[in-house]
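Consider the two complexes below, in which chain A is the common component and chain B and chain C are the respective partners.
Let's look at the complex of A and B:
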């Protein structure tokens, strides 16, 4: 099993490292977006008020739309987002997702950015066209699952490894570090891998649905009580006020609403579906209730899920962790970081275990080593470049959201190529050092270009901004330590036991 | 080795899909629940079958078991058709 573990880890390792890093960042998706739009003040209104304001705006711009999606604000996002599905018969006009002021319903003026959404999408789409990115991410997730199972079989001393970390012993230390980061957080890794696969199970494994339902949509309807997509009647009827419907749904659940979908607004057959906020329960497939848009009567509501559907919902919830409060969220963030550390040390181990003293490294070894540097040291630099670009690209420049994303990938690609000019050990140290400087620069540039620098956000008790800047400094410190350690020459030759383990 | 890899990756997926779909199709009770059980367990089947393909020494046994499971299960599902 040891060699399968090695190959699974090697083949998927670089992508898994990137998925772990961006996925871990995505625990703070709304906070990252907030930080990347410093113009927006934090405001709080009730969801019912926000829904009323958003509907008022949509009625002026898109009264003939087929469907409106309204994503209500919460304490973390602070804004309303709306998306219109246009009527195919209406003259086309430019539209996309729109950010609205939750109080007034007017479109807000803030810099255009992908925000935390960028890392979140990259985490499972890998910046590849649909559906290839999702399939590749799924394959890597499956390799990860295989590597976890075979890894547990490989490390028979799993309990003893829990307490074993020998620093500064060359390869032995990398094996220990790999074991400690893997074993310490093993339940987390197993859960996050399996639940990650489950998030896209309908795409990866559609066959159980196909065996039971002639039309796949019937499954969604039976499982989650979503209303059938009714046709418009053609008879106009005014939409009842949506705010009270949201408030009624919230009273029904005793929890906040997160989303309102209005189908055929202004028609007698209009429906208003209100969905519960995922923070209300471990089950992320939150409850929903559908009202008739013309009368406000309840038409249908989601059934209580049975054990299997609840299992899927809870798996989804555990993965996206929207139920988590700040303390648990930071814990998950740190566990995610141990995941990246586990994959990273595993990749390093592959090279250190195969290097023989006094023998020129073979091509594959040099290739793996260079790819390791490009991904493990390079990706963090690219992520920092994304944040820096957000502050340095003029706020009103057209197409700036795409430029930010390009800044990340060009920086990452540049680092991946430039490191080839340096000897490997220097490239490790210098790569980490550049990463440390880049992350340290983020709060500095924030301080210089906005009025929400660390001293001011601390003074104002604005923990979204202060927390972000402090996290950047902590990451910079961590990368600085990594740069220092990577610059030192290794101490000990390969020990016999770990050689046996790797050759086995 | 190539045969093993293809069997693990493609055959493993087919066998896991067949097992998951058989559970979904044959489990009595609510069909949405049965569907969800099949989907939930599918990746566990896939991972275990895939690893076993490399663990088992005899290639003939790997090929027979995985492809046999995929084909017979697939045939059975085809005979059963969509749940009425």
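Let's look at the complex of A and C:
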């Protein structure tokens, strides 16, 4: 079992570390996006007001569209986002995601960025083309599940060592750190790994749906009560005010709305589908209600999910934790960090356990050690480079969102290559030190390039920006401590007998 | 949530004091005291569970498990730095002489 645990952890370890780190950051996906678009105002209006304003804008620019998607603002996003599905017969014009002022419905100019969405997508797509990234992430998730089960079986002294963490004892310390980070947050690790696999289970095992439905969309319509995509009637009819429909849907659920989808606006067959906010339930697949766009009458509403759909919805909800308030989200963030620590210490333990004093390391050991440095020390530097690029690349430069992503991967790759030029111990210390400097630079660059630096955010009570900058400084501090410890020369093992002789 | 994590941390501290590893630092030589500490820890964890409810069905369990895990990480990190100092308040509580009234009650009831 120990053999299985070691190899499962090693083979998937580097990818799992990256998945844990970016997945942990994704708990704050909207907050990261807001920080990365400092031009956007943080205005609070009701969802009904925001929907009314967005529809007014869309009616002026895309009255002939087939469909509008309106993502309503909430306390975390603060803005309205809209997408248009154009009429194929209409003359082409530039379209894409639009960000609107929730109060006025006017488009807001903000720097182009992937924001927190980049970490979220990387977490399960690994920057690989569809579907290979998702398959690889699923395979690594499976390895992780195997490593968790085999780790519990292997760890005979799981209760005896429950409170044991000893520093400065070489391999013993790494084992303690690995055990502590794994065992104390074991429920979190098990749940997040299993629910992560279940999240993409329909992709990994499509056959039950393929055997019973002609198209996946048919399954979705049957399972979630989505209305069939009706054709336009061709008879014009004005759209009823959407704001009252959103308010009515919210009264029906006793919870906020998150999304409005309007099909065939301006046609007699128009429909308005309002979806419930995921914070209203552990089930991430929220309820929806569809109104006739011309009359405002309820056409259909999503049925109560059966046990199977409720189970998968709750599993998805537990994984992405959109139901969680700030305190629980921070708790999950810290537990996610223990997950990254568990994988990182496991990788380090593999090398520490195989290194022999006075013996030149074999090729596999050197390879694993260099990969460990490249991933454990290099990825955080890449993430910091992503944030720094957001502030340093001119805000109006075309294609800047891609440049930010490239900055992360080029920096990560550069660190991974440059560390090969340094002795391993120095490379660890220097890698962590560069990471500490890079993260410490993020709030400084933010202060110098925007009007939303830490002092001003604190003064204005803007906890999204202040919290982000403080988190960067805290990460810098942690990496600084890691650099300091990694730079210390190793303590030579001293036998008890020689210690007694020296003391005498 | 903070309350849940703090309550859980106190419960883990009591369990750590009752554990074989930290019994000496906590000044808990008596098996009966160990049992009392474990019972108290269980009661505090139950209190954390009952006090962390939210309107969302099921979130209570997420909160208590998350808070307990976080509390455990904090306690183990703290104990790894200086167990004697962390357990000092508990040690003082457990080893101080019983008040006169308690001594009289014990004597009268032959406890």
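We adopt the following convention: the second predicted complex is superposed on the first by the 486 of 504 C-alpha atoms of A that agree within 3 Å, B and C clash if a C-alpha of one lies under 4 Å from a C-alpha of the other, contacts with A are read in each partner's own complex, and residues count from 1 in each chain.
In the analysis below, contacts are C-beta pairs under 8 Å (C-beta built on N, C-alpha and C of every residue); 3 or more make two chains touch, one makes a residue touch a chain.
Keep in mind that what you see is a predicted model, and the values were worked out from it rather than measured.
A.B. asks: Taking chain A as the common reference for superposition, should the pair chain B and chain C be classed as clashing or as fitting?
C.D. replies: Pair status: fit.
A.B. asks: Would you sort A:146 into first (chain B), second (chain C), both or neither based on which partner it touches?
C.D. replies: A:146 contacts chain B only, not chain C.
A.B. asks: Please work out whether A:334 is in contact with chain B alone, chain C alone, both, or neither, and reply first, second, both or neither.
C.D. replies: A:334: touches chain C, not chain B.
A.B. asks: Taking CA centres, what is the chain B/chain A/chain C angle in steps of 10 degrees?
C.D. replies: In the superposed arrangement it comes to 90 degrees.
A.B. asks: Where does A:187 make contact in the superposed view: on chain B (first), on chain C (second), on both, or on neither?
C.D. replies: second
A.B. asks: Using the superposition on chain A described above, determine whether A:131 touches chain B (first), chain C (second), both, or neither.
C.D. replies: Once the two structures are laid over each other on A, A:131 reaches no partner at all.
A.B. asks: Between chain B (first) and chain C (second), which, if any, makes contact with A:307: first, second, both or neither?
C.D. replies: After superposition on chain A, A:307 lies in contact with chain B alone.
A.B. asks: Using the touch definition from the top, say if A:222 reaches chain B (first), chain C (second), both or neither.
C.D. replies: first
A.B. asks: Contacts for A:202 in the overlay, against chain B (first) and chain C (second): which applies, first, second, both or neither?
C.D. replies: first
A.B. asks: Minimum CA distance, chain B versus chain C, superposed model, integer angstrom?
C.D. replies: It comes out at 18 Å between the closest C-alpha atoms.
A.B. asks: Within the complex, which stretch of chain C touches chain A?
C.D. replies: 1-2, 5, 12, 15-16, 19-22, 54, 56-59, 62-63, 65-67, 69-70, 72-73, 75-77, 79-80
A.B. asks: Quick one: which bits of chain A touch chain C in the complex? Just the residue numbers, please.
C.D. replies: Chain A reaches chain C through residues 160, 162-167, 180-181, 184-188, 280-282, 314, 318, 323-325, 327-328, 331-332, 334-335, 338.
A.B. asks: Which positions of chain A touch chain B when the two form their complex?
C.D. replies: 1, 4, 142, 145-146, 149-150, 194, 197-198, 201-202, 204-205, 207-214, 219, 222-223, 306-309, 311-312, 315
A.B. asks: Would you mind writing out the residues of chain B in touch with chain A in their complex?
C.D. replies: That would be residues 17-18, 20-21, 23-25, 30-40, 42-44, 46-48, 50-51, 54-55, 77, 80, 82-83 of chain B.
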